[in-house]
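Shared chain: chain A. Partners: chain B in the first complex, chain C in the second.
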Partner chain A sequence: MNRTLRISGGLYACLLATYMHAAQLLFLPATLVGIARQEAWLSVLLDAVVTTLVGIFIGWICLQFGRRSAAQAARSAMGKAVGGLGGLIYTTYALWVSSLVLRDVQEFTTIVLLPGTPGLVVAGAMGAVALYAVWSGLEPLARIAFPTLIGTIMTMLILPVLLYPEYGLLHIDPFLSRGIGPVLEASLVSAPWFGEIILVFTLVPYLSRPGEVYRWTAIGTIGAALVVTEILVLTLLVFGPVLPSRMMFASYTLLQQISLAEIIERIELTFVVIWLATMFVKVGFYLYAAAEATTDSLGLRSHRVPAAVLAVMAVALAQIWPGVIPLVTSAGSPIYILVHNLWEGGIILIFLIAALVLRARSRVSAHA
Partner chain B sequence: MGVVLGVAVDIGEERPVRLTLLYARQGQSQQGQSKAIGGDPIYVAAREADNLSDAMREIALAAGRETSLHHVRVVLISEEYARTRGIRNLLDFLARHPQVRMSLVPLVVEGRAQTVLETPPQLKALQPQNLVAILEEKGGLRWRLKDFLVARVSETHSGWMYTVSVIQRPAGTPQAPPKEVVVTGSALFFGDRLVRMLSPKETEGLAWLMSKPVRSVITATCPENPDASFSGQVDQGRTTMRPSWEGGRLRIDVAIQGKVDLIRLTCRDDLADVAWRERLEAHLEKDVRERVEGVIETFKSQRVDPVGFGKRVQLNDPAWWLQNGPNWPEIWPEVEVTVTAQISIMQSGLLLKPANLTEKELSE
Partner chain C sequence: MGQVEDALRYLRRWQSDEARQLAETLARVAPGGPVPEELRLSLAGAKRRMPISPVLDENTGILRLIMGPSPDVVFRAFEIGADAHRGSIFLIDNLVKKDYIMGLLEVLVVRLRQEELPSQGQALQHFLEQRALTNHEVNRNDNMGELVEAALSGDSILLLDGLTVGLGVSTRGWEHRQPAEPVAEPVVRGPKEGFTETLAVNLALIRRRVKDERLRVEHRRIGTHTGTDILMIHLAGLATPEVVAEVGRRLDRIQIDGVLESGYLEELIEDHPFSPFPQVRATERPDVVAADLLEGRVAVLTDGTPHVLLMPHTFTGAMQAAEDYYQRWPMASFLRSLRYLFLLVALLGPSTYIAMTTFHHEMIPTSLLIGLMAAREGVPFPALVEALMMEFTFEALREAGVRLPKPVGQAISIVGALVIGESAVRAGLISPVMVIVVSITAIASFVIPFFSMGLAIRLLRFGMMLLAGTLGFYGLVIGLLAVAIHLASLRSFGVPYLTPIMPPTAEDMKDLMIRAPWWFMRRRPREFPVGNRVRQRQNAGPQTPGKGGGP
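Our next item is the complex of A and B:
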């Protein structure tokens, strides 16, 4: 694990925006439209504001750690046992989410792209490639995130034009016709996704200029939210406020609508390749985060073996879901939302305590 | 893999559903038009079963190859099936299938849907492509599976589809197919059931209401001579609907604006004369107004709203809609609708005056 390689603020924001939006595009639009209907995009923006503030707060915590990782800092502040346990909680979170992402890719690929292909093969292949990237370190992952995000930005620029013939403005409802309640409810459902902002605990120590963490965190988070918002708005413009909630992969179905003069069509695979690349970056980054936290929590020297073990565990964990329906429906259940938010909030709290302890120690030593 | 290009759904003779699939013979579908006439670039298979998925499976088993629906362009539904069974199951089957694209065109067939797939086209290699080309040629109003599904789940809209029919070909060479497929109008749905077929004239009224009348042709009698007529092809058309309440009673004002190019004129009028031109335009306006008023009355009589009058009301007064929206099918037939039309003649081909002598010239 090469910790000396740093990433610029731009790459930091690229990686943050990529991992934050990638998985949200698959199931979240349908779920949010099912709750907030036409105002689903508002719930994303609402979450984005809160997430940006939380991200900036996490950035402040990380600045208290210096160049140490959060797990190292926790171990240093709270001792090997308690601090190590704190780091391992972070590991389990990153591992869990990486397994969810692998299962997302597995379901999408086997339903839409490669029917009949064993899901384990798909998840295993992506897990193996991600592991190879993890072994190379965080900086190469951030460099891969850059072109994938450029591809995403290009997609976001061209999609409104390509889908223009499909807009049905007459299917739009009056603004906030059902009140603000559904918007708030939808923002709660998407909160666990936005809670993944806690992964900046892994990113900040690599930032070449730590003082710029607030700016780049805000840019990355808002960038990710804008991608999701645009996809939601386009989905609503094309399918109206009811139909998307019935779709399994609303954003993919949206891409299928591109048809210009019956000549330019069936080009959705171009965009799917870009999306798969973002998912690969996300899996790689989460595995890296898990491996680094494990290494630091247990005081190991190399992250290679933990990374390999965690990759196998992520692929195996991805198989615990009996199918895509439980995978999608559970994401909207109150228990799932509560557990994830507590998990994410707990991790912030653990590292906040570590930061406060270290801050107090440094003040004491300064006075001494 | 069997690549399916067209699907037809009929009521079976022995079982509830008869499904017909048109396969492209691989390697031949791209070989051009000669194959469409002399050779056989397609393979049509049909099975009757208790439901669509069973029928699909039986066809695949008989064909001995996996059925691919990635390239389906049209779904043909017999009028009888849509009227008596409704298309709820078909819509669910199509929307759920991972290979089916929502850009396919659903069509109602007057008569047996299977016969459309069995009828070879003359200028295209394959019937599904031919049907899509006919609809493209017809004009700007595109209506595909996606549009029907959006309308189907909407609170304010109801669905409709174009209708086609197989007719005896009125002219052709000895090698030409004896029959051809033509677009005959459209079909209105209440929920998932077909309730009324619309004539071509009514369908053009529908297109005007949806602001997509481009390429349709309006024909009206000449102001001075009822035996003569003239025609204009619509170049642009826009319709606005404004709901208002008068004494608690809802009314909707429909204002139509159109620009037409004159393509035929047997009247002895001079287009350079502003007064004459305005009289021609007034006759075109009357024709458009009458066909729009006619189709609106049809909508009301069937309690359907395929163009979104209800949506305009909802956007205009959300509070009123919140209270009355669920009863829209009952309220809609009682709504007073006023139609006004303003048509402008923009072009007249290569002639400014009729090719024949005008009335004025004759009198001189």
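Our next item is the complex of A and C:
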């Protein structure tokens, strides 16, 4: 683990935006449209505003730690046992999400791309390459995030043009006919997904100019939200407010609609390649975060062995989780949302306490 | 046996325990009998500690023992000056130029025959250096080790009675190839000169192009047995001092018995020895070396090979050909973009075909799919096996074509094209589409200008084919991500391998897929933090005359 590594603000935002939007893109549209109908995109924007503020707050916490990781700081502020436990809670969160993402990839691939292929092979292949990325360090991951995000941006620029013949403007009409209630409800459903902003705890210590953390966090978060918003709007424009909620992969079905002049068609796999790359960046980064937090919480020297163990665990857990339909259905359940938000909020709270303790200590030593 | 007695006298004069032991062993050699090889090796091992004796015969005696009975080792005795001062020239035949030796002997024997030479050693040395050998480059050698190494490099060693140094006179000259157009890097427009196997010629070829006193040349000798001369070259003020120092350190760390080609050094100094990607560039073109020196890189020249190493080296550098900068920029940009496109074809051509025909039929338009399936009808192998067979056969044909003499190589090409291609299709072993795919891939792999990069891509292609054959497009994505992560983690002497793509450097993008006009490339690449980044003045573009103005 190269602690002296520094990544630029741009790469920080790229990585943040990539890991934030990756899974949302495929799974969120169906759930959100089911609740908020034609205003589903508003819920994402609402979440984006809240998440940006949370991200800025996390940035402030990280600045109190200096160049230390959050797990290191927690250990230093609250002692080896309590602080270490705090770090391990962060590890379990990152591991849990990475295994969920692997499951998502596994489900999508075995349903759409490779029917009949054992899911373990699909998740194992991505887990192995993600482990290689984690062993190579954060820098290669951040660098891969850049072209991946460029690919996503290009897609977002081209898609409205390619799908233009399929638009039905009446699909998004009327606006807010059921009031703001469904939008707020949908934003609660997507809140756990946006709660993944807490992973910036891993990123901020590597930022070359820590003072710019607020700006780049805001850019990354809003960038991710804009990508999801555009997909939601396009899904609504093409399918209307009813069909998407009955689709397994609404955005993939959206891509399948591309048929321009009967020449540009059947190109959905091209976009899937970019999406798979973003999912890979997400799995790799979460595994990195988990491995780093484990190393720091347990006071280990190298992150290689923990990373390998965590990668195996993530692939194994991905086999345990239920399939895509239960996953999407449970994503809207109040218990899921509550547990998820409590977990994310708890992690922020743990590290906030660590930051306040360290701040108090530094003030006392300054007075002394 | 005169040489043994002379050597014994030498060893007894050299006051040390080591000399005493060697002398005792030498004394046991039967008169007229053969000198044991072990003793010769012991003497050779001690040569760097052996001083030069003031007695000529003792020096020649010990040198004869060290060098062994080789027919090309020459000791030419003579007398110089009015008092017939005894001397000898020690040289290795065929490493020296005969004309130089004739000139040297003429000076010593003819011109100095009436001269009263100083009797004191220091004065005699001064006389020879300052008055007699003024036409020659002269180096002092203070021990037998230096003296032997100088002789093996082509110097003629002048030994005189009363002199406790050996004067190495530069008489290097041997048969060597003249600079010719590099076979592996030909150009339509551009210089046709290439490096040769002779270090001095190669250095001169660079000097001719970079007439700058800031061109720094550091000499090293690497290889305990080969003693290969290595030159490290950079332009002071442009090359980063850290990179220069790092290259020097890595060269100094090398402890090897021999360096016969620059490939030895490349493997010994690169950052990631297990990577298939070349992290040091090898070129036979002096203009490429000059251009890279001007961009702040370091060049390493190795005696005995025309391949000069350049570092740091990046992925994008491997996609740049010398001619890109000699052709006009629109054409150069088009060709370079084409190269990147065909790089993808070389890496992913067969694997994409395998993935599409095996797993993702829905991507292929129906009419084309029917055609493809009809062509594959009767082929007993899956697309993966079919592609692997063709690719392996092609690689074998290419390898055979390279190794065989030219006329036979042509015959192999005909066999490959007709027998393997046409007959295999007729026999129903492979489909015609696969022949097309493999042919296009083969052409694509030749489009990559840097041969080592082409090799890396060829190697990775097989992995991609296996992944595509087992996991379709998903496997391709996994393979590409693994390659991308690998490339992103590589560094060449501290410079990220994927620069200026990752990390992105906007300013260097003008020499990436598009080669911007020369007048637009005002600054040197940012990838190397060079001292002076300005390449040319502002507004250096061509100025067209105004209305009514100009000739």
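Going forward, the second predicted complex is superposed on the first by the 367 of 368 C-alpha atoms of A that agree within 3 Å, B and C clash if a C-alpha of one lies under 4 Å from a C-alpha of the other, contacts with A are read in each partner's own complex, and residues count from 1 in each chain.
Here is the rule we go by: contacts are C-beta pairs under 8 Å (C-beta built on N, C-alpha and C of every residue); 3 or more make two chains touch, one makes a residue touch a chain.
Bear in mind that the values here come from a model prediction, so they are computed numbers and not experimental data.
In the superposition on chain A, A:Q319 contacts neither chain B nor chain C.
Of the two partner chains placed around the shared chain by superposition, chain B is the only one that A:L170 touches, whereas chain C remains out of contact.
Of the two partner chains, chain B is the only one touched by A:S259; chain C is not. In the superposition on chain A, A:T92 makes contact with neither chain B nor chain C. By the touch criterion stated above, A:I111 is placed in contact with chain B alone, chain C being left untouched.
Contacts of A:S136 after superposition on the shared chain: chain C is touched, whereas chain B is not. Touch criterion met: A:V242 reaches chain B, while chain C stays clear of it. Annotation for chain A, partner touching more residues between chain B and chain C: C.
Applying the stated touch rule to the two superposed structures, the chain B and chain C interfaces on chain A have no residue in common. Per the touch definition, chain A reaches chain B in the complex via residues 111-112, 115, 166, 168, 170-174, 177, 238-240, 242-243, 246, 253, 256-257, 259, 262, 265.
The touching residues of chain A, counted against chain C in their complex, run 8, 10-11, 109, 113-114, 117, 121-122, 125-126, 129, 132-133, 136-137, 139-141, 143-144, 146-147, 266-267, 269, 272-273, 276-277, 280, 284. Across the interface of their complex, chain A is touched by residues 95, 98, 101-103, 132, 136, 146-147, 149-150, 153-155, 157, 308, 311, 314-315, 318, 321-322 of chain B.
Listing the residues of chain C that touch chain A in their complex gives 359-360, 362-365, 471-478, 481-482, 484-486, 488-489, 496, 498, 501-504.
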